[in-house]
Structure formats: C-alpha cells, structure tokens
Amino acid sequence: MLNVENLTLHYGQSQILHGITLNAPVGEVTAVMGTNGVGKTSLLKAISGRHPYTDGTLAVGDQQLNHPSAFTAARAGIAYVPQGREIFPLMSVQENLETAFACLPKDERFIPEEIFQLFPVLLDMKARRGGDLSGGQQQQLAIARALITRPKVLLLDEPTEGIQPNVIQQIGRTISLLREQGNMAIVLVEQNFDFAYGLADHFVVMTRGEVKRRADKADITPEAMLEELAL
Amino acid sequence: MKFNKSLSASIFAGLLASTSMVAAQDCAEPIKVGVLHSLSGSMAISETTLKDAMLMLVEQQNAAGGLLGCEIEAVVVDPASDWPLFAEKARELLTVSEVDVIFGNWTSVSRKSVLPVIEELNGLLFYPVQYEGEESSRNVFYTGAAPNQQAIPATDYFLEELGVEKFALLGTDYVYPRTTNNILEAYLIDNGIAEEDIFVNYTPFGHSDWATIVADVVALGEDGKQVGVISTINGDANIGFYKELAAAGVSADDIPVVAFSVGEEELSGLDTSNLVGHLAAWNYFQSAESDANTDFIAAWKAFAGEDRVTNDPMEAHYIGFNMWVNAVEAAGTTDVDAVRDAMYGQEFPNLTGGTAVMLPNHHLAKPVLIGEIQADGQFDIISQTSEVPGDAWTDFLPESAVLKSDWQELGCGMYNVETESCVQLTSNY
Amino acid sequence: MPRVLILLALLLGFSPAAQAQELQTLLQPHAQEVAKPGRRTVGTVLDDLASSGIPQVATFLEEWQDKSVWQSPEGLFFIADEDGDNLILTDIDSGVETTAPSDGFTQLKPNGGVRRVIGTALVQFQLMDPDLNRRTTAVASIARRPEASQLAPLLGSIDGEEDPTLKARKIQLANFLSASFAEEPTDRIAAISSLSTDVSVEARAVLNQILTTRPALAEELPTDVNVARVLNPGEDMSLDAAYELLVADDLAAPRTDADTIKAALASNIINGRVGDVPVAQLGTTANRNRAYAQLAHSGTVPPLVTDTDRDAALAKFTFFEIYDEADTAITDAATTALASVETRVAVGQSADLALDALSLASIYFLAAIGLAITFGVMGVINMAHGEFIMMGAYTGYVVQLFIPSYTASIIIALPLAFAVTFAAGVAMERLVIRHLYHRPLETLLATFGISIALQQLAKNIFGTQARPLTSPAWLDGAWVFNDVVQISYIRIAIFVLAVIFLFLILFVLKRTRLGLEVRAVTQNPGMAASMGINPDRINMLTFGLGSGIAGIAGVAIGLYAKVTSEMGADYIVQSFMTVVVGGVGNVWGTLAGASLIGFLQKGIEWLNPSNTLAAQTYMILFIILFIQFRPKGIVALKGRAAAD
Amino acid sequence: MNKSFLMRNPSTLWFLLGLSLFTIVVTILSDAGLGVMSTSFVKTLGKTLCLCLIAVAMDVVWGYCGILSLGHFAFFGIGGYAVGMWLMYARTEGIVLDSLATQTIPPTAQEVTDAIGNQIFGVVGSSEFPMIWAFSDSLFLQLLMVVLVPGLLALVFGWLAFRSRVTGVYLSILTQAMTLALSLYLFQNDSGLRGNNGLSGLQNIPGFENTPQSTISLAFFYASASAVALGYVLFAWVTSGKMGSVIKAIRDNESRVRFLGYHVESYKLFVFTITAVVAAIAGALYYPQAGIINPAEIAPIASIYLAVWVAIGGRGRLYGAVIGAAFVSLLSSWFTGGGAPAIPLGFYTIQWTDWWLVLLGLSFVAVTLYAPKGIGGLFDYLVRKPS
Amino acid sequence: MSTLLEVDGVSVSFDGFRAINNLSIQIGEPELRAVIGPNGAGKTTFMDIITGKTKPDEGRVTWGDRNISLLGMSESEIAMEGIGRKFQKPTVFEDQTVRENLAMALHNPRGPFAVLFYKKTQEGAKRIKEIATEIGLSDSLTRRAGELSHGQKQWLEIGMLLAQDPRLLLVDEPAAGMTTAERELTTDLLKRAAKTRAVVVVEHDMEFVRRLDCKVTVLHEGSVLAEGSLDHVTADQTVIDVYLGRQ
C-alpha cells in the first residue's frame, strides 16, 4: 500500500535520511526499528508531509504523492500519530476526534461506533479537554483520531512512549485488531522492542539515516534482531 | 532648482512671445498668485475648496482682462496639512516661484508657521478664515473674522435675544477655541455672568464620544437658568456632537447651540433634520440674498460642480482677492509695500450686501450674520448686524486691551497705548 | 419709513370703522417691531394682541412663530406660502387667498428668543385647544418659561384633559408652578415636599430657584432676614474678594495694585529720583514700595492698603448669604427636598456614567473584535484593520446613496459591509500576509503600507469631506430612564451589536466546523494539517472573518460618529491596546480589555470633566504600565501569537 | 574611535567622503557660491540630513538590535522641543527687554517674566509661565535637556519593557502607545508647551537677528552634516566591533546570547537609550530649520514612516538607512510639491498629489515582500562580489 | 577531582507531567561525562535547570568551591559563573564571521560599556587562533558562520564554549547529523577539552559515546537509572530493558 523509494531528507545542510526505501503492505504491520536519532521520526514526518523530503518517491497504492503537504497527505489516506501525541490541548475529546472530519466528504462525517468500542475510555471522557487526559488516554485519542480519517496507511510513532503497561497492552491489541481487519497498512516506529517484535510482520532496521537491515518476522529471531539493534 | 526655474521661465516667456499677443508688452512674466492650501492630509477637507475658489477667481480675473494688462497665474502648492511644510512651501513660493501675493492657510498653527517666513521675505498673505485674533502682522491681511466679528456678536445674541444665563463653552483643544473661550469668559463676566455659570470643556480633534459631555450640558439647567452652548468644536468632531445632541433630544428651544466652526460644508456630513434651529455665526452664509451672491454661487457651481456649497472663508477670499486686484491697479505695481499702502481703505461689496472696508489694522469691517440650521443643511439668516470693524487685539483681556494695531499711521501692529510705544514690529508667533 | 407712514394713513383713512376689529390695523402701529422683533421688546405687541380679543390672533401668532408671515412692500402682513417665484398670500383677517410675485415681500424671521415669548403668549389660546399637538406645545411653553400667571389656567385645564400622558405632564407642571408661585405657604410647602423624589432637571430648577441667595454684609448678623449661611472670609471666600465687597460698598479704601504704584512712581519723578530712590533702582518691588511709601508719607499719593489694613477692615464686618425667599419654612422645605433629590441624582449620575462607560467599552470592543481574531488568534499584525472599519462605513454610505429608506439600507449595508471587507481581507491574506507569517514585524510594515494606500484611495474616491451615514428613525433619540440616566438608542444598538458579535464569534469558534478547524490550526497548525485541515484555507477564512467583522463595526461606528477616510486611524492603536491588555488569543480577553479601557477612560474623565484629552493620555499611560506588569494581558492564554 | 577604526571600515570612509563632497557641492550651488540653489532647498537638504541621522539611529535599534521601536520620533520631537523652548524664550526676551527699555521706570524681574510669558503663551490662550520652562533661559541647560530628557525617558521605559521581557510585536505596540501618550499630552494646551500650536518661529536665532536666512540655513546645513557624520561614525563604531557582534547576535538569537553570559537587557537598554539620544539631537537640529514644532510631528505615524524609510533603504546597513530616509523623504516632497507631472489617461488624470500616497503604500508592500534588504541590499549586490 | 556541580533531589513538572523526578547528579572537575537515555528521559530539561532556563520545583543545585546555589541566578549570571552550553540545534550567529562568533564568546568582561570599549588584544587574537585550530576552523576565521557546513557549525559552537573558558561544558547531541569522520574529530575535541574542565555530553549515538570512553549516566523518566562505564551500564539489564522498551 505504502511505497517509499530512495527517500532523502535534509535538515538545513545536514542530511538526515540517505535513500530510504520502505514498502508497507496492506493488512500488515511494518516496524521501523533503530536507536535514538537514526532518523525514524524524520522518515515518518517525510511520509506524512510534515517535513519536505529532498528526493525520492512516495506513493499510496497507485496514487503517486509528489512532495505532499501535510493535509494532502492526510487526504490521500496517510494518517499520522506523532510522537508525543500532539493532542489539541484546549479542545474536548469529541472536538479532537472531529478534527479528522476534514478528510471526509460531508455525508461521512460521523464518529463510527467502532471507535468507542476500540477505546471505551474516550466515550467517558468525551467532554473533557484533550490536555487534561493522561498520557495513555491521549495516545488512545491520537490513534482514534487518526482512524476516523479512514486511512489507507497508519503511521504510528512511538505509541508506547511514557505510557503505563496496561494501556500499552491495550494499544497492542488495537493494532493487531486493525491488522486483522486488513483495511490499512500500518507503519510502526517503536523503541519498545518486545512491543514492536510482538506486533510486526516486517522489520526495517535503521542506522544513521540508512536502512541497515530489512527482514520479515519469519526470517529473524528476536535474538538476531537484538543483535542488530545492539547498543 | 533656481536654474531650472529660470530656464523654464524663459521658455515660457518665449512661447508667450511667439504664440500669444494677449499679454501686454511689459509682461515678460505673468503676475503670480501663490495658493497655499493643504490639498492632502486632515485639513484638505476644508482647504481644497479654497484652492478651487482661488482658481476660479483667477480665471474670472483673467477673463476680465487680467491685471495691469498681464495674465495672472496661480501657483498652487500642497503643504499637506503638515505645519512645518507650510513654512517651507511659503519660502518656496516667495523665493523660487517669486509670487507677488499668497492666498492661503486655514489653521492658526499653519499661519504661525508661515509668519516668520513672510515677514523675513516681506511677502503678502491673505488669510481667509475666522481666527482668535491676538496677532497683527505687517505682511498679513486678515479677511476672516476676528473674535469681535463673530464670537462677541453671537454671545450678545445669546444674552440679548435668547436670554441665556448659563454658558457651556465647548471646544476642540487648540488655540482658536482656547483663546476665543478666554475672551468670551472675560466678556461674559463683564456682562454679569457668574464664573460658576460658565462651563468649559475641551476635547481632542476628531472626538466622537460625546454622550457624557452632552449629559453634563443638560445637567447645567438644574438651577433653572437658561443654558446655551457656544461651540468652537472643529471639523469632524461636530458630526458626533450633533448626532449625540439630536439623540439626547436637546432642541434649540431648550438649549441653543451656536457654532463658530460649522458651515455649509460641515453640515453636509450629517442629517440636519434633528438640528433645526441650532445656530452658527459667520460673516457669510450661502443663503444670503443679494445679486452678487447669486452670481457668485452660480459661477462656483459652474466651476466646481452642482453639488458644491459656498461658505464664509470663500467669501473672504473673494473679497481679499478683489481688494488686492484693486490695490495693485491703484498702485500700478505688484510691489508689496506699494500694494500694502494701497490696500488701506479699499472697499469692496460683500456678498451679503453692504461694503467691506480694509482697516489700517489689516482687518476688514464686515457684517456679522447669525443663521439657524435648516433641514436642508443651509442656514436661515435671522440676524445681521451692520459692518463691525475687526479688532486684532481684543478689548476683553487685560493684556490685549492696551494694545492697538495700526500699520498705516503708527506703523506698528502691537502698539501699547498706555506706554505709547511699539512693543514689536514683527508679530508674535 | 415715511412711505410706510403714508400708507398707514391711507389705510386708516379707508376703513376707520373696522379699525378696532381688524388685526392688520392693530399690527400696523407696531409694524417695525413685528418685522424685526426683539425678545425684550416684543412683549408690548403681544400684550396688545392678547388683550384685543380678535379671534385671528392665535393663528397669526402661530404662523408668525413658524416664520410663515411675510410683509408686503407696502408694509402689510400676510400669511404666505412660497410657490416658485410667487407667494400665495392669505389675508390675516379675512383668510382670503391671493397670489403675488414675491419681489419686495420680506419673510419675517423671529429669532428663537422671540419665538419662545410668542409661545408663552400662545399658551392661553392653546391650553384648551382641541388639537393635542397644540396643547402639548402650550405645555412645553409653560415648562420653558414658567410664570405665576400660568398657574390658574393650567390648573383649570387639568380636569378637562383627555390625553393621559399630557394630563400627567400638566399635573407635574402645576406642581412646579405651585411650588414657586402658590399663594398659600402651606400649598407651596406641600408642592415642594412632593418634589423630593423628582430628579428631573425641571424639578431641581424649581427647588434651586427657591433657594437662590445673594451675598450681603453687615456689622452685626441681622435677625429680620432669611439668612442662608454665614461666610467666613479666608474659608468660604478669599480675603481679597471679601475686601472687594467692602470697597464696592464704599466701606473701605481700594487697594493699590502694582500698576497703580508704577504709574504713581512714573508721574512723580523729580530729578531722576522718586523720593530718595534713583529711577534706575526702581527695578525691584522692594525699592518701588519704599519709594511709594515716601510719596504717601508726603501726601502725594493715597497710602498703601497693606494686608494688615485689609484684615483689620474685614474683622469689623460679618459676611453672609440671604435667601431671596423670605419665608424660612419654605426655604427649609426646599433645602430638605433638594438634599433628597441630590442624593438620588448622585446615584443616577453614577449609573449614567456606568452606562456611558459600557457604551464606550462596547464601541472599543466592536472596533477591536475583528483584530482579536486576526491578531489575537492568528497573530497577524494588521495595521490596515482601521481601514477595513472605514471600508465598512463607506459601504454603508454608498448603500444609502442607492436605497433611500434608512431602515432597508442599514439592513442591506450590514451584510454587504461584511462581504466587502471579507473579500478585501481574503485578498490581502492571499496576496501579502501569507508570505509573511514567519515575519510578524514585517507584516506590520506591509499592512501599514496597505493602510495608507487604502486611506488615500478612499480620499480619491469619496473626497476628504465627511460623508453622512444616517441611522433609521427608530434609532433616533434616547432611552430615557429619567433626566439623569439616559442613553441614546444608537448606543444601545451598538451595545447590542457588540453582544451579538461576542456570542456570534463564540458560536462560530465553539460550535461550527470552521471554528473547530480554526482552533485546531491555532493550537497546532502542523497536527491540524495532518488531520487533513488545509491551514492556508483556514487562515484565509479566519482573516476574512476578522476583516468582515471590522466592516460591520465600521457601519455601526459610522452611524454614531462620522464617516471619513481617516476614521480608521482613530481606532487602530486603541484596538491593538484593547487586544493586548485583554490578553491575546481570547475573545473574552478582548471583552475584558475593552471594558477596562472604557470604564477607565470614563472614570478619568469624571475626575477632570473639562479635559477629555487628558483622560485619554492618562488612560494610555496606565495601559503602558499595565502591560509592563502583566505582559500577557488580563486573560492570559497560550496561543500561537503568545509564543513570540 | 581612532584612525585605525576608520581605516578598518572603508565603507564609513567612503560615506564621509561622499558627505563632504555633497556639502561642498551644496555650498558652491547655494547663495554663498553660485546662488543657483534656493535657501528653501538648502533647508530641505539640511532637514533631510537630520532625518538621515534619526534613520541611522533607527537602523541601529531595529536593523542591528532587532527592536522595532515605533517611538523614536517621540525622542526626535523632545529634542526639538527642548531646543525650541530656548529659541522662543531667548527671542521673546530680546523683544520684551527692548520694549520695556522705553519705559520710564525700569521693569522688575517679575514684570519681565510676565511679559515674556504673555508673549509666548498669550497667543495660545494663557499667560502663566509653566514649570517646564524653568530652564528655558539657559541655552546650556536646554541643550542638556535635549540629551537628558529623551535619554531618561528611554532608560525608564526601556528598563520597564525589557525587564518584563516584552519583545517583538508587543514591544512595537508598547512603544507606539508611548508615542501616542506623549503626543496626546503635548496636544493639551495645559501641557505648557503651547498645545497644538507648538513652538514656532524657531528659524530666528536669537543673537543673529540680522543674519540672512540664507547664511543661517547654510550654517544649520553644516551642523546637520557634521551631526550625521559624527552619528554615522559613532554608530559605525558601535556596530562594528564586539558591541556590534553582540547586538546583532541579540537580534538573531536572544536566548543564545544569554547563555554566552551577556545580560541581554542591558544591551538592549544601552542601544535603545543611545539611539534615543541621537534621535533627540537630530530633532534639535531639525526643528530650527523647519521653524515650527508641534505635537502632530510626534504622532505615531511618523515613527512608522521612520521604520519604513529604514526598511526601504535596507536594514542592518547604516548607509541603507541614510539612502532610505533621503530617498523617500525627498521623493515624497517632490511628489506632494507637484514636482511630478500629471499623467493623463484620457478618462482620468493621475495627479500625483492624490496618488503618491497610494504608490508609497504599495511600495512598502512590494519592498517587504520582494526586497527585504531594501535599496541597500541592491547596492550591496552591485558593489560586492556575490559570494 | 573535586565536585564542581551537585544536583541534589531536583524535580520539575510541566502541566502535571513530571519531567525530572528527584534527580541527583554530581559532576567533578575535570571530568568527561556522557548522559544517555531514551527520548523523554529528561536530558534536555536537566541542562535547562543547570543553565537557569527552567526553575525546578524542588531540590538544590550547588556550584563550585564555595557551594553557591545556581537557583535564582539569571541565565547570563550562570554563564558568567563558568557554565557553557551547546544546544541540540547548532546556534551560531550565521551573519557573523567565525572570528566574530569566537570573539563574542571569549572570556572577557560582559558589561555593555566594557564591550563597547573593548580593544582587541594580542592575547585575545592568540586565543581565537588557538581555539580555531582546535576546532579545525583556522582557515575559516573570516568566513561567515552561515557558510559553514553543518559539522563545522557544531564545532564552531563547541569552540565558542571553549572560548568562554568555562569550568563546566554542557554539550547537547554534538554528533547529530555529522559524518563518521566528523564524529571522530568531535570526540577528540571533547576529550581534549575535558582534560582541564568538566564536560557533560548528551548523546544518542552509542558509537560516539563509546569513543568518548568515559563515565556514563543513564537517565530514565527524570532520574538516574544507572551510572558507570559504558560497558557497565550496557550490561545492566534494566538499562537494556529501558532502551529496548522492555519494562
């Protein structure tokens, strides 16, 4: 579903990504792994249009996206759950969810039942301000918000960062549910090794802006994977 | 600059010589009349009209054969409502364009800016607007009203005819209202009005929030005395003032308002149906009935447009310009000193009937008119005095009462009659 | 004049018999006074007319008051109507209509003072008139010039009055007249006491008139007069003023002022000296006084009255004020009533001041609310905001040119002004501001450029003269609670408009899709874009909204004040201060800022009512200090603009 | 400020050379030489030089230090008022003493003061001698005021503002409010500075009553040129060395400079105050040439225009400010003076007095959008090799 | 090695989020210290607290031989005490030359008037030259800082720190965006600097930290998780868990 070829990206004069190629098939989870500062977040920013990439191609299905701006990327079906959640702090949970309607035609602008089934806590918190939620709740809100756009590609950046274990489990269950539904390609950037390894179908290991290793889950043991990620 | 000017002048002269035989032989150059009125900035509202009036007068004079057999050329400059620029442009007119006379200025501050320049260069200025007096310059002829030709008669009307016992003096905070109100306060106290029965208020230029002030004025009536308002409010601020007055239901029968700065032009900015009966005092109203006025209005509308109105400063320019033309003809030259001498005693018919006379103190003797506002934005003249001689130094302030201006006999604009000496030959700025 | 006299003689000769009955003949001896009446002198004519008993007198007086009476070249008076160059003349006696060319006729224009006197004379004819308007006019005339003689007819007319409002008014007036003029002191006291709850200016006038005093002095305080209070020189009046009173009564010698001394010295110079002081040394006050003392000693000039002399003279006398009204009971009653009224008036004045402040606050709010969106929410410094206000006002003016009905024109002008300024705002955002989002200071410069260009453009199109923008008749006048507390309808309308806008904007921001997207973009533009919101479009619409509101504010401001090309400049600095003081990024903040500024300004004005300019100066100084100590404003909130 | 400083800054030398050349040319063309340049034009040039000086000050505070002050014309005006008070007082004192000398009795000091007060304030409707004028009899003290009053005002205002870390647009609005408050204060007749009329007749220099204005204007022209030269060198010195580095660094990244150990607020205050003082000196030289100063001169719009001159000339380059101020103000007077020929379009004739402001306004927009470095940037582009 | 800086029991919260939680760290003089930790561990906030940018809710920060408290001092005062800081994003003054950048940072009086009348000295020029050589920019002294490559800017910023002559150098991610060769030079630079003073380096790149070869402090959720040599801490199971997200 998501096809990224030879993507390069600069911050000012310094090159952050050196020709990344990434293919995320629909209905599967592709995990991008690597220690801090290897360019994982930059990669997601480039795909979601939040930071312009320098060179390379980006496509969602058959649709070529030529250096999309963030909102064209979103409307093309790339939903982005950023690191740090980026909830709108002064808006209620309901309003946060409704921001996603911008991607939808008028007659589809409703919050599907399913969302509250996935994240029942949001139903209780509907009227609360986004900024007042706990980190875990915010994370769920961020994912729910992304799902309402009916995405073809879901980009998740460190969804477990700073979140208590039970919520992590819940998020994990949600992701596998989404994978099973098979409506979207999921790209997961994660430092939590166990979490990532548990969910992913494919791995892309990055180091210093380059792809160091790519592998399907079947082809690599956790130990080998850890070896790749060694500190 | 000068080089350019003389070059173009000689080209112009050459053109004249080759293409036109209109000018008499001794007219190498046309007689130049400087027009020093703001065409941009805040004062353009009032002054543009005067520039147009001057152009019309010059055109009429040229059509009537020019002056001393020469064409008259109007040199128009724009001091842009910027007071220092008035001095600069006046200097330019006198030294670069070498005009023979200047007609110009509206605000007092612009006149004060120009005074040192024309006194230094011995120019001649005709100033057409009603002003606060307390000034006399050898180089200025004041064709507008001095306080005793507008403020004092209007106050007399209030005292005599309307029986006003308590006065609200409302003004914009600048020199004309300040000085006029000082004079009026002294005058009212002389006429037996107690000091506590005089309420004074100053507001900024363009003030729009009048509710409180109007309420204060209405409250003045609480001791049962007849209240009257003397307004020296300037320009746009009047619109808000009259709107608030109308809204508060203050009719001219309850609290009459007489204004010194509201003319036909100012009234065109608002609906006057609620203001009928309020007053203004001037030396001229468009509604004055005389043949000269009918002709003047017709000529003006033909020149400037059907919807244009005439007003007092225009009449002042009309009289001033014609007097100057006659004085030049009497002197046979445009030389400033000769023209000045010829100016004294010049007579010219007013547009309102009667005759204006130029006095040795450089002011005119003119009748004072009081008009009531009508629903159509014109004034109904209900009182007209005989000619009142303009007085440069008011008799109602102790410092000024001892001063006298007489350039013809005494050769001094600021002559102290007590010490019998001339305080100064230049004017005070 | 001689010609008039001859004519008069002719007239008299022709109809000697009708002389007594005809108004025209009655008027002719007074012709000059009728043609040019004066307030003080017109009384004799009116007395003659009133006592003549001629039935046409009332009509004539009304027409005269109405400036509808003309004098023919022969000196005869007609009621006339202008019809082109002709006059339709109505004979004042017979009512016969004729037509004559208007040449030579002069219209009689009695001035306001005379018209008022005529009105008083008309009272007796109009008070019982079947026409309600005339009765109302008569009552108004009484109110303007209350006289003792009017009390009886007024009381007589009350019972027959059918109109309840007018009847109440008549009773009120009768009460005023009784308080001043009733014969029995008890009647007067009763009337006076009933006024103690009436805060109207008229009631206070009645009471104050009863309590008028005059100053007096005597060696001993007299017991046979109604003394209002004793005046202590130095406390209640200045010592010099008290001494002046003595001088005026020839009870003391006048004081010698500096000019008199100087003049005396100048006329007594002998051999270059005055006394033993050389003229050259007379440049100090001390030396002058020494020289004068020597002159006084030699008897050349009257002696100097020193401060000690003055005080000694004053000590011999008592100064006091006497009521014009001799009856103590009446003045006491009036004093009590007035004290009660004045308490109520003070309360009323505070309320009125608060209303004025509220009104001013709503005007500031209206002027600033568009800016609260463009500057407060988006962080764009739009110096042309004032010009958008101006554009709105001119839109209102142009609409009135085409649509004569003021009501309809305002209804059309409001949305049209919004549309015009919305379009202007969007155009400006697209063409200029979009490129400058990261350079806020330069937005200031660029929009300032647009501001002066728009201002000059308006001058070129509409001229420099102020243009009329007239409110519909139902907004004329004021809501009058009483004579102290009142506020004009147009200000109420502006207040209502401000409230509507407050809620409208809150509604748009909180309850609409646009508002949701605006808030999302404001709080986190990047994330908003990632949710599929086009920030460019939102910025454009938000800016358009802010500008559009400025346009509507312009119509409102134009209605209550003026429409000129420079009107926007009057509001721009204050609008920015309103937003900054209130706290950027919050509509409630703007409300708080406008209220603070409005109430502050009225408060300072109240402290110094004669100088409005000073109030504005101190208000701004206060704001400068306020921002120093609370840089984020009253309602501080984080927003995109708050970041820099 | 030694020779080596100038040697190290050739652009300053070039500027001084150009200015001297300009002065010489003006002298030759003026009445002192060939007489083809009118006195009014010499005055215009002298005034323009003063505007260039304040523009240079503005450039330092804004272009170099990043503080967009919309208040520097207030300081300019205060300088003008301070000098104007002495000029008015001294001139009037001369007249009054002459007139009183004819009296038989010599006047007392009080009479002299009263007469002066009446002369100066009588025309604006009062005759009290306000406290503010206490030092107006002393040229030295008033000249001290030129420096002290704006300096203190800038110091206090700046201290308050910088201390509470009001920056960016907020500071601009605050300085604008300061200007507005000052001009409103001066508009009041009660301020003791003659309200709307301001101080006039300033071109008549006491003690030089018989010197023709052509000479006086040339003298002021020289004084203005010297002030510009000195001011330019001063600011070139301030902005060139380490001080320049620090203030430019504050403009670019205020907090980084803090971490370098510099007390940013003191630097801002220093720059704000010293430019305020120079602005006041420019004003003190300007108004005797203009002849009149009044509150309208201080209106907030004047300070915005000042910023515009600097923006059009090019921020961050001293010569840019000079070019901008000279270019826009001379062009402005050319257009409003009717110097530009009207353009007939057949159906409409473009009169530049009407359309000049529209053009000027749009050119601000164009400069901000397309030429953020202004004319100076263009100049740089032509002079320097592109790097 | 004496204690130069002592952070003791410091906590700070933002909007309810506890960024630093009872953090205690001691830095000696001279010392080279690396601070590592996953995102959000509080590394940058730690530096903010020391340099006065953020005021802690509780705890003490004492400095130097006289144990003065850094809390309550302004940023510039702390800098003058001898604490230099390099930010994550290189912040050199791009409009100015390398020499000017360095000169500004030189340890000299910082008052406006002292700066205004500052005269270039032989000594200062020599020092600039030395530092420029140290950071490998001796040929670029007259170039505008904006023209430098990313790595050079990082070095320049380190050079500016050195010019300040601080006793404590806080360096935030010096190697970000650098090529391998540049990284090596940077480590050498830091190691040399640490010979005479305390240097604290925050860095993600383990390779880089390894090359620094110094004591490592691992931060996690606002407090110290482990401390010791790199080998020691990377062998620590809790550290591995934290780094790999296996709580």
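Lettered A, B, C, D and E in written order, each chain numbered from 1.
We take it that contacts are C-beta pairs under 8 Å (C-beta built on N, C-alpha and C of every residue); 3 or more make two chains touch, one makes a residue touch a chain.
These numbers come from a predicted model, not from an experiment.
Considering the contact criterion stated above, the chains in touch with subunit C and with subunit D alike are B.
Think of each touching pair as a link: the shortest run of links from subunit C to subunit E has 2 of them. Any chain bridging subunit B and subunit D, meaning touching each of them, is among C; the list is complete.
Taking each chain's centre as the mean of its C-alpha atoms, the one that lies farthest from the centre of subunit E is B.
The greatest centre-to-centre distance from subunit D, using averaged C-alpha positions, is reached by A. Of all chains shown, the one whose average CA position lies nearest the global CA mean is D. Chain pairs B-C and A-E differ in how many C-beta pairs are in contact, and the one with more is B-C. Centres computed as Cα averages put subunit A at a distance of 79 Å from subunit B. Averaging C-alpha coordinates per chain places the centre of subunit A 33 Å away from that of subunit E.
With each centre defined as the average position of its C-alpha atoms, the distance from subunit D to subunit E rounds to 46 Å.
In this assembly, the C-alpha centroid of subunit A lies 69 Å from the C-alpha centroid of subunit C. For subunit B, residues touching at least two other chains, in rising order: 40, 173, 202, 204.
Taken pair by pair, the chains that touch are A-C, A-E, B-C, B-D, C-D, D-E.
In the complex of the two chains, the subunit B residues touching subunit D come out as 1-3, 39-40, 76-78, 80, 82-85, 87-89, 91-92, 95-96, 108-109, 112-113, 115-117, 120, 132, 134-135, 173-175, 178-179, 181-182, 202, 204-205, 399-400, 416, 419, 421-424, 426, 428-429. Taken together, the subunit D residues at the contact with subunit C in this complex read 68, 103-110, 157, 160-161, 163-170, 172-174, 176-178, 180-181, 184-185, 187-188, 190, 300-301, 304, 307-308, 311, 354-365, 368-369, 372. Of all residues in subunit C, those touching subunit D in their complex are 262, 265-266, 269, 279-285, 288, 381, 383, 432, 435-436, 439-442, 444-446, 448-457, 459-460, 569, 573, 576-577, 580, 611, 613-614, 616-617, 620-621, 623-625, 627-629, 631, 644.
On subunit D, the positions that touch subunit E within their shared complex are 238, 241-243, 245-246, 248-249, 252-253, 255-256, 258-264, 266-267, 270, 387. Those residues of subunit A lying in contact with subunit E across their complex are 11-16, 35-37, 83, 131, 135, 158, 160-162, 165, 190-196, 208, 226, 229, 231.
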